[in-house]
Each structure stands twice: as C-alpha cells, then as structure tokens.
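After this come two complexes, each holding chain A, first together with chain B and then together with chain C.
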Partner chain A sequence: MSETTVEAPVPAADERDSRWTRLGRRTVRPPIYAEHQYLVVIGFVVLVALVAPHIATSRSKQFLIDLWLVYAIAGIGFYWVFALAGRFAFCQTFMMTLGGFMSAWVTRSGHGKPFLLGVASAIAITSLLAFVVGIIARRSQELYFAIATLAVTSIGADVFNHWDAFSGRNGTVTNVASPKLFGHAFLKDKQVFWLFLGALTIVLLLAVLIERSPFRRDAIASRDNLLVARLTGVAAGRHQLVLFILGSALGGLSGSMYAHWAGNVSTGTFGIDLAIGIFLMLFLGGVGSMWGPVLGAAFYVAIPQVLSNIQKYSSIVYGALLLVVVMALPRGLVGLAQDGSRVVKDQVRKARRKDIVDVAG
Partner chain B sequence: MEKFVALLASGIALGAVLAVAAFGFLLLYKATGVINFAHGDLITLGGYVALWAIVDIGLPSVLGYLLALVIMFGVGVLIERIAYAPLRRRPPMSVVIATLAAAIVIRGLIAVWQGSTPKSLPTPVGNRTVHIFGAPVSQQRIVIIVISAIAVVALLLAFQRTAFGRQLRALAADPETAKLQGVRTRLIAVVAFGLSALLAGLAGILVSPLASLDLDFGFSLMISAFAAAVLGGFGSLGGVVLGAVVIGLVQQLLGGYVFTTYQTTLPFVLMLAVLAVRPQGLIVLKRSRL
Partner chain C sequence: MLQAEQISVSFGGVRAVSEVSLTLDTGELLGLVGPNGSGKTTFLNAICGVVEAQGQLTVDGARVPLGRPRAAWRAGIARVFQAPQTFEALTCLENVLLSSADAKMRGVGGAWIARPVMWTRERRRWARAMEALDVVGLAPLATSPAAMLSYGQRRLLELARALAGDPKVLLLDEPSAGLNDPETAALADLLRRVREGLSLLLIDHKVDFLDMLCDRIVVLELGVVIAEGTPQDVWRDKRVMSAYLGVPDDAAH
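What follows is the complex of A and B.
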C-alpha cells in the first residue's frame, strides 16, 4: 500500500446536507478518524489504572485482573486472526504455550538472558511458526485451516510432552524467572499489573494502528469475498498471512508474560478449555471491534468469580453462554453498546429536528 | 514377522474405527454443511454411555452397547434441535461456533457425571487374544474390524439404495436444486445429526475397551478422523475409508518401527503434508460425491 491518498467519505444520507456541502472547504479525513481511537485507548488505560487498584482488594482479585490483561492480549491477537483475517485458527493457545516455553528456555538459569530477550524470543518464534504454518496452509480455506491448525496444536502438545530439554519433563517447566525490567523486578501480582498494563497499552496502540489502516479494509474485503477482493487487486493471501503472524505473535507475548508471572508453564496451562474460552471472549465481547476481546476477556475471568458456586460446572456454563451469545448477540457486547449508542444518537437527532421544526413552525 | 502382523492388525483396526468416526462427521457435513467440532466429545460420550448401561444398569454388554447407540442417536437429535435448528439462517461460522459450545458442554457434563478418572469399558470378548501367524492379536481388534466393515458397507448400501440416501446425496451434490426438488432438508438434518452421533458413539464403544476412557479420549480420535477425511478428499465416503486405513497403517507401522515416540503425531503430520501439497486430498474420485 504505497499510495496515501484518501477517498472522500460518503456520509450517511441524513448527514449529507451538513457535511457534503462543506467538503470543498476542509480536509477530507476517513470517517474512522473521527472516532478518536488513540484518545479512547489512553482514556481506557487511565481508567483501568485508576479503577483496578480499588477493585483488587484481595490477592485473588489482583490475580484475576492480571489474568485479564494476559488474556486480553492473546484475545486481540485472536481478533486479528479470526475476525479480521477470517482465519478459523485453533492454535492461539498453542502459540501461548510455545511463547511460554520459549521465554522460559531463553531466560533459564543456564542461559541467563534477560526477561525482555525472553519475551522477544517468544514473539519471534511464534511469528516464525505462524509464518511456516500460514505458508503450509495458504491454500486451505475456512474449515480446512481450522483442521490444519488443530493438527499443529496436537503436534505441538506431543512435541512439548516429549522434548525434555526444551519444555521440561512431562511438558512442565517450573522456576521461570520473574519479570525484570531495567533492574526492577516485578515480584508481586500488584507490581506485575503495571507491567502488564503497559504491555496491553502498547498492544492496544498497535491494534488502533491496524484499525485505522487501509490494511484492515483490504483484509475484511478478502475475508468477506475472497474472489472479488483478488479480482480488485487485493493481495488477499498476504493479508491473511500477515494478520495470522501478528495475531500469533501476540499469543506468544501473552504466553511468555504468563510464564514469567506464574513462574511455571506446562502443556496444560493453556488447555482446550482456554482454546474454546478464547472464542467465547471474542464472541461475548464482539467480533466487530478490537475492544471485543478486551471486554470479553474481562467477563471470562469474572464469571467464575461472580458465580462462585458453579466452579464444578464452569465449562458447562461457558459452553451454554457461548451458545446463547452466538444466537442472541451475534455482534457481542460491543455490538450491543454500539446499537444502544446509535439509538440514543438517533433519538437526540430526532428531538433536535423536532425542536427546529417547532421553532420554525 | 510377528511384530509386523501385530502392527498390521492394530493398524487396520485403528483405520476401521477412524473410518466409522470420519463417516459420522462427513455424513453430517454432506447433509448440512456443518463440521461438527463436538464429534470428538460425542465419541467420548458414546463410551461413557455404554459404560453406564453395562456397569451401572447391569445390562449384558451387547444390549448395553445397543442402548448406548440409541441414546447417542437421541443426543445427536438434541444437538440439532438446540445448536443447529435455531441457527439455520445464520452464516455457517455461527453453527461451527455452536458446535464448539456443544463440545464444551458435553465435556463438562461428562466431567460432572463420571469424574475425570480414567475408566475402562468391558467387552464380551474380554482381553483374549488369537494368534495369527504366531502373532498375538487382541480379539477386540477383530471385533472392531468386523463391526466397522459391516457398518461401513451397510451405510454405503443405504446411501445408494434408499430414498434417504438418495436425498442425502442430492443435498450433498447440489443443495439448492435438491431443495427445489422437494428434498426435506429439515428432516434430513435431524436424521443426519442423529446418525452422525450414533456413528461417533459406535466408534467410541468399539475402541474404548482397548484404551482407557477419559475426557480427552475422543478428541485425538476426532483429529485423526479429520486427517482421514482430508486424505480421502473430504468428499467421497469411499475415499474416506481408504484414507482412514492409510492413517491407521501409517500410525501403527511407521510409528511402530521408526518414530516410536511420536506415534500418535504421525496422522497430523501426514495431514499437514497433504494440505500443503494437495489441499483437495490425495484420493479424488471423479464421479461419486458420496
């Protein structure tokens, strides 16, 4: 995408009078810029920074908040892969596991590399693997891709269980070094929270960058109609591959962060429940927005807390909830909020018009 | 030689079970366009229901198996009613997500009902063995091969000779035209879900006496069955049977002689290789769609 010219937006019919006539006099900006997404991210982070310490009244609550941040990062990655690229990938939890093991391996006592290098290596290895898998499965669409990534996940689990030198005995690595940045160690959940919030901020800013780019539009075009997108000159395969790599890299980042925080990682840490849980996060939050997985992840970690006596039935509740969401809320909570705000705006606009008419009449 | 015969027998038996399992979800895919990710958990459920019928109710094992199959048919119909019928007009992706939801619900229900300790399903042949060319072969494997062969042949005949089979093939070949010709898609969907779950249950019942029954039991079987379907070109039922036997033999022979540590990984590697080189599958039968 070398050209930077921006097409004139076509405003909705009822806005046309006010905006279209004035077009000549002002710079044309894509409508999405009007959403002030960077400001929203900053506002969100500040809000979390202010509110979270008040919610975290106990250790378990602080743990859940940190877990939310970890899952939100993996969820945004999955949003890129599943929602933007339309790739039905089953390997996000595997990427998290791989990221965790890689980071643990790089920073283990024998190698003694710093925390940041561990995280970077986790991102690098998951990107590389996603590239390879993406190339192998480049011609597999939809469900074939799902099956291929399911196979990758199964192969990965087998390898982790057998490769003691890398992923420990029985696929478990313990005593992973705690996060350390510029000589400052993050030992307690409360300290780790700030580190994770910082990571999430960077990820959110990156996500906004993608949300505002023509790249997103092209990716969605490829997702919705591959043939037409290709015929109009969109490099559909490359878009899907790039988003798959980026999304998997976030999985690696998230897994690596978790491993250093929890101090251990095993093949069961990000198991099949979480694999389906990530779908739940995305669908519950909403597939149409980068905020969907962030919101969904919050609900995902909060549900067992709110319904504390369902621990035994948690997976049944998750499954039933996923079913209900798919049926009743196809656009998730974010979609619900968008619908709500649109209704409010419409009402306001109608009321205003009525006022004008009243005055004029 | 003995080792070869033993591995060959277990390879064919594995292939036979995979063929039954793969038939189940391919049947559903052909009839409704849905890939059912709950298939693996239905396989597990089949094993547990049979266990319940035999151990808890105390039925003789063959009767218990039959009861389990009937119940599994009912479970399939139930899934159709809850997770598929309300989503009929939605994009296929929603239905796939619904099957994922069904998978996790079934898994959760089994965990609550039966606990997570591995169990083993009794079989009328026990753990007796026969000797073929001096190699000990578990009688259960012979049972698996015979029953699977009967089931597969019966299904193939049913698809060719019955009205249901014709309608199903019409739906698979061209859904729009089939609907215009008056094929009762709703009824077929119900029956296909039931039959698919029944076949999953059959696969589970056949193989669980050889392995210990736990929550993850059906999952790997499902992925291997996917591999068989991909190998067979995801279209023809005949191709799937071939694909299943190839997967079974590769896993047992190649895994038994060369890659002993990564035996269970082989089907997945094979499947990835096929997807990379020939996404349309190795065996493509030109004529028959089903």
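What follows is the complex of A and C.
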C-alpha cells in the first residue's frame, strides 16, 4: 500500500461551488468538437487541387502525386487500425492486393461489371475477410495479432499465386479496365488525379466524422487500457473489430483504385517494402493524427524522388533522414506543423496585444 | 442490492478467495478489510469480472455472469482502483464520458449515419459528465488533459467516472491510499455525499476512515471470511486481532 503524501486537492465543502456552477452550469464539450476539422479538409483539398497541377510538370511527377493519393487512402485505413484501435496489424498491403484482384475479377471482360461495382466488391471482400480474421484473432493482442495477420498475408499470397481463375497466372492480372464513372473514362494520370482526390476527400470526411464522435474516444480508451475500458462500459472488443474492418476496407479501396489506374495487379505490387512503408508513413506523418498518414505518404513517395539526384548515396541519405525524423519528431510531421502553427498564433496574439497597449498609450 | 454467494478464485493451485459470501444492502456502505494477501482485491476483481471466478453473483435480483467486466458494468457495478486508472490521452470530461450509462450511438453508426441522434445523446452525456465532475470538484478542469492531473485529482476523476455511469454498486479499492489526513477526511465527506441510493463496498486500511463511513465490516483472512459486524464489534473480535497482530506464541504461556 502506498502511503506517500501527495497534493490532492480534494475540495473542501466551501469550495464546492465550482467555477462551472457559478457560470450557470453551461454546456462544456470535449475540445475536439471545437476544432475546425471540416474546414481543414476543405482547405487541404482546395490547396491540393490548385497546387498539384502546377507541380505535375512531367508524367513521372503526376504518377507520384497519384500514388501519394492512393497510398494516403490506405494509410488512413492503417491509422484507424493501428493508431486508433491499437491493433498491430500486418495485413494492410494484403488487403490492398485482395482489393485489386477482386476489383479486376469483377470488372474483367467476361463479367463486364462497372468500375464502381468493382470498387464496392473490393471494399466488401476486404471487410468480410477482416471480420473473419478479427473474430478469430479477437483475443490476440499486440505482437500476437501482428503474427496472426502476417500469417493471413502469407497464406493469401500463396493462394493468389496458385488460383489462376481469380488472380491470374503466377498471381498476376493484366489488362484491368480503366476507371470509368458515369460514362466518363479516366485514362490519363492527370484525369485519374481528380478521381483519386475525390476519393481521398470522401475518406477524409469519413475520418473527420469518426474524430468528431464518441467512437474515437471509446477507441482510444480501448487502445490504452482494454480492461479498464471494458469496466467503464466501453464496447472495446467491438470497436477494435469495427476499426479493423473499416481500415482494411480502405486498404481494399486503395488497392482496387490502383489496379484500375495501373491496368495490372500482382502479388508483388503491394509487397513487403510497402508493408513496412505504411508503418513509416504513419510514424513519419504522426501517429496521433488522421493527417499523419497523409503527410507521411507524401514524404514516403516524394523523398526517394528528390534524392534521386544523388543516386550513389540516396539510400544512405534516405535512411538517415528517416532516422532523424523519427528521432527528432516523435509526433511526426503533423506535430511539427502543429508546433509551427502554435508559434505563429502566439506571435499574432503578442503583436495584437502590443497594438492594443500602443493604442491605449 | 448485491448478493455474492460462494465466490471462489484460484490461481493455479492457490486458492486466493474461498467460498466468500456477502450481502450488500441498498444504500449500505460495507467495509472489506484484512491483512495484505487476504484476498480483498481479488474478491473485488471477481465481483467486477476482472478475474475468472466460481460462485453466484446477483445485483438487484438479476444474475451477473462472472469473468465479464462489461456485463458487471451493465449490471450496475462500478469500480475505482487502488492506483488511479485514468486515460491520459483524453481530457477529464472525455474520461468521465466513457462510463456514461447511455451506451447507444457510440459506434460507427452514430458517427457516420445517425449523427443527429448521436448529437442529442452526446449533449445529454456531456451534461451528466459535468455534473459528476462537479460533484468531485473537477468541473473547472473538464477540458484539461487527464495527464495534467495530480495523483489525488486522478483519484477524484476516477470516482467521477464511476459516478457518471449511475451505478447501483460502487467498489472502492483503497481510495484513501496516498492521501494525508485532511485529504482523507475530505474524501470521507465526499463519499458520504455521493452514497445516497448507492451501495458501496470499500477496501481500506485506515481504521478511522472505515469507522467514519462503514455501516458494517467484513474481515477476510487467507481468502476466507473470519468476522462480520459493526466496526466496533469487528475490531473487538479476537480472530481479527490475531489476524492483524498475530497469534500469541504458545511458548510464552
């Protein structure tokens, strides 16, 4: 039993009339609801829509921008699974592969179903698989869950390599139909950009809806202390399962869109490099924010390209850069951006105060 | 209100709690005491579903399955831990909101589909959570991160969280641990205020604190009930004295 004396301001009887009571017991809401997340999404999308076409001065640059958008979608899914639900899943790239194959299979010439149905089927199959895996491994935590999901990835890759009717010869499907929406085909990378930006916008809005809901705080509680969360009435297991399903579905969506864009998909398209890469995106961008994987994906896609000028040392510089970012910025690039905006706000506030003092004499 | 019958808990070959039965009436404050290792906390863990246990538990006549924490919460059992278990990544208000008795519209359906219903319920939950924070004196800190609180404040936050769930039975595991005398007295005052309509099961080692609050005390030793009664009767019981002070050595006679 601990008997150390600590400062515990248990209120005395005469102090019970708290400031909140004196203020007329006004409604107090959690600070997350006071943030302008919808505006941030709109601002972000407008900025990307305005700036990206100017950056995309070549085919390779346009390719990278499209790749960033498609990775960002998978990254947000992984944010839900790993950062919100606290599930150490190692199957996000497998979900992307499954989504790609499913969508290619549904829309292939023999079936001839539209692109949207292909995307929907990719989302459905990855959700279903995540549900089954989540139920089977519901009691597995942390590394054990990672091992379970890694096993699913390994089994799945083997199945794809041998199931020619679904995933093609040697796990490769080619001639996947280009994306087509309401009669409009997205054939070029520049056109695909708008499709992907639209999809990312919807995903970001869905993410904001989760951020601004009790679902987020229940998920965080379940992640941080499963037992205490359950004791306080949180449906911890259900929340973790749902977030795993939703995150995997975004993996399926991302894989499906990539397959239609690239025109092919194989078991190597979303390989082990990307499996680790998705972790990197989240940690580089910042685990504590839904914007982390979006910024992290940009960093992940752009930096190798930027460093390609110093070909000989690019791997060393890239590795060192990753190390510096992870060590120096534990809250990731989003944390850096938040600190920067706080400094700017403080400066503005100080300047305003100075103006008032000057005017007041 | 709460009836525990023949509750037993074993860890491997060790029986930590052995066929303990006790009844807690509505509005009663029952103390559960015993030397270290007597099975008090394990009994609490069994009641709130933290550990697997054998026996039968009912709250308000309804049977509560053992070994399932959320089922215990649904039955109206809330728990305050010896070391405060708050969620540091959340604000004080969010910590309290977790235990809201209104469990509906808290999943993805509320977030994505039925948002107007979710908002209506959420506003109600905020108000109830603020009331609970106000009772323990933490309302001014509602929007502060729980990580900023002192040890004593975290203890109060945990109590507010338990109260916000409108429980029928509140289990308190050494709530006065780490508090000095004035703070312990203030905590006793707070518990007296909140106990109306609530049954409390209190584990503690401070005799004055127990005497101030408890209607009845049950004493455990080695996982078995050795005495039960009013505080005065229990402290006079020879088995209780020997459990705490030891049995006089035969050689001394």
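Here is the rule we use: the second predicted complex is superposed on the first by the 290 of 361 C-alpha atoms of A that agree within 3 Å, B and C clash if a C-alpha of one lies under 4 Å from a C-alpha of the other, contacts with A are read in each partner's own complex, and residues count from 1 in each chain.
One rule holds in what follows: a contact is a pair of C-beta atoms (placed from the backbone, for glycine too) under 8 Å apart; a residue touches a chain by one contact, two chains touch by 3 or more.
Please read these numbers as outputs of a predicted model, since none were measured by experiment.
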item: In the superposition, chain B vs chain C on chain A residues touched; value: C
item: Partner chain(s) touched by A:Gly233 [first = chain B, second = chain C, both, neither]; value: second
item: Which superposed partner A:Phe279 touches (first chain B, second chain C, both, neither); value: first
item: First (chain B), second (chain C), both or neither touched by A:Ser213; value: second
item: Touched partner set for A:Arg169, first chain B, second chain C, both or neither; value: neither
item: Touched partner set for A:His54, first chain B, second chain C, both or neither; value: neither
item: Partner chain(s) touched by A:Pro330 [first = chain B, second = chain C, both, neither]; value: first
item: First, second, both or neither for A:Pro30, with chain B first and chain C second; value: second
item: Touched partner set for A:Gly319, first chain B, second chain C, both or neither; value: first
item: Footprint of chain B on chain A - complex, ascending; value: 88, 136-137, 139-140, 143-144, 146-148, 150-152, 154-155, 158-159, 162, 272-273, 276, 279, 283, 312-316, 318-320, 322-323, 326-327, 330
item: Footprint of chain C on chain A - complex, ascending; value: 1-13, 15-16, 18-21, 25, 27-31, 206, 209-210, 212-218, 220-221, 224-225, 227-236, 238-239, 242, 246
item: Chain A-facing residues of chain B, complex; value: 35, 82-83, 86-87, 90, 93-94, 96-98, 100-105, 107-109, 111-112, 216, 219-220, 223, 226-227, 230, 234, 261-262, 264-265, 268-269, 271-272, 275-276, 279
item: Complex interface listing, chain C residues touching chain A; value: 36, 48-50, 69-70, 72-74, 78-79, 81-83, 85, 87-91, 93-94, 97-101, 103, 105-108, 110-112, 115, 118, 122-123, 125-127, 130, 133-134, 136-137, 139-140, 142-143, 150-153, 155-156, 161, 165, 174, 177-180, 183, 186-187, 189-190, 205
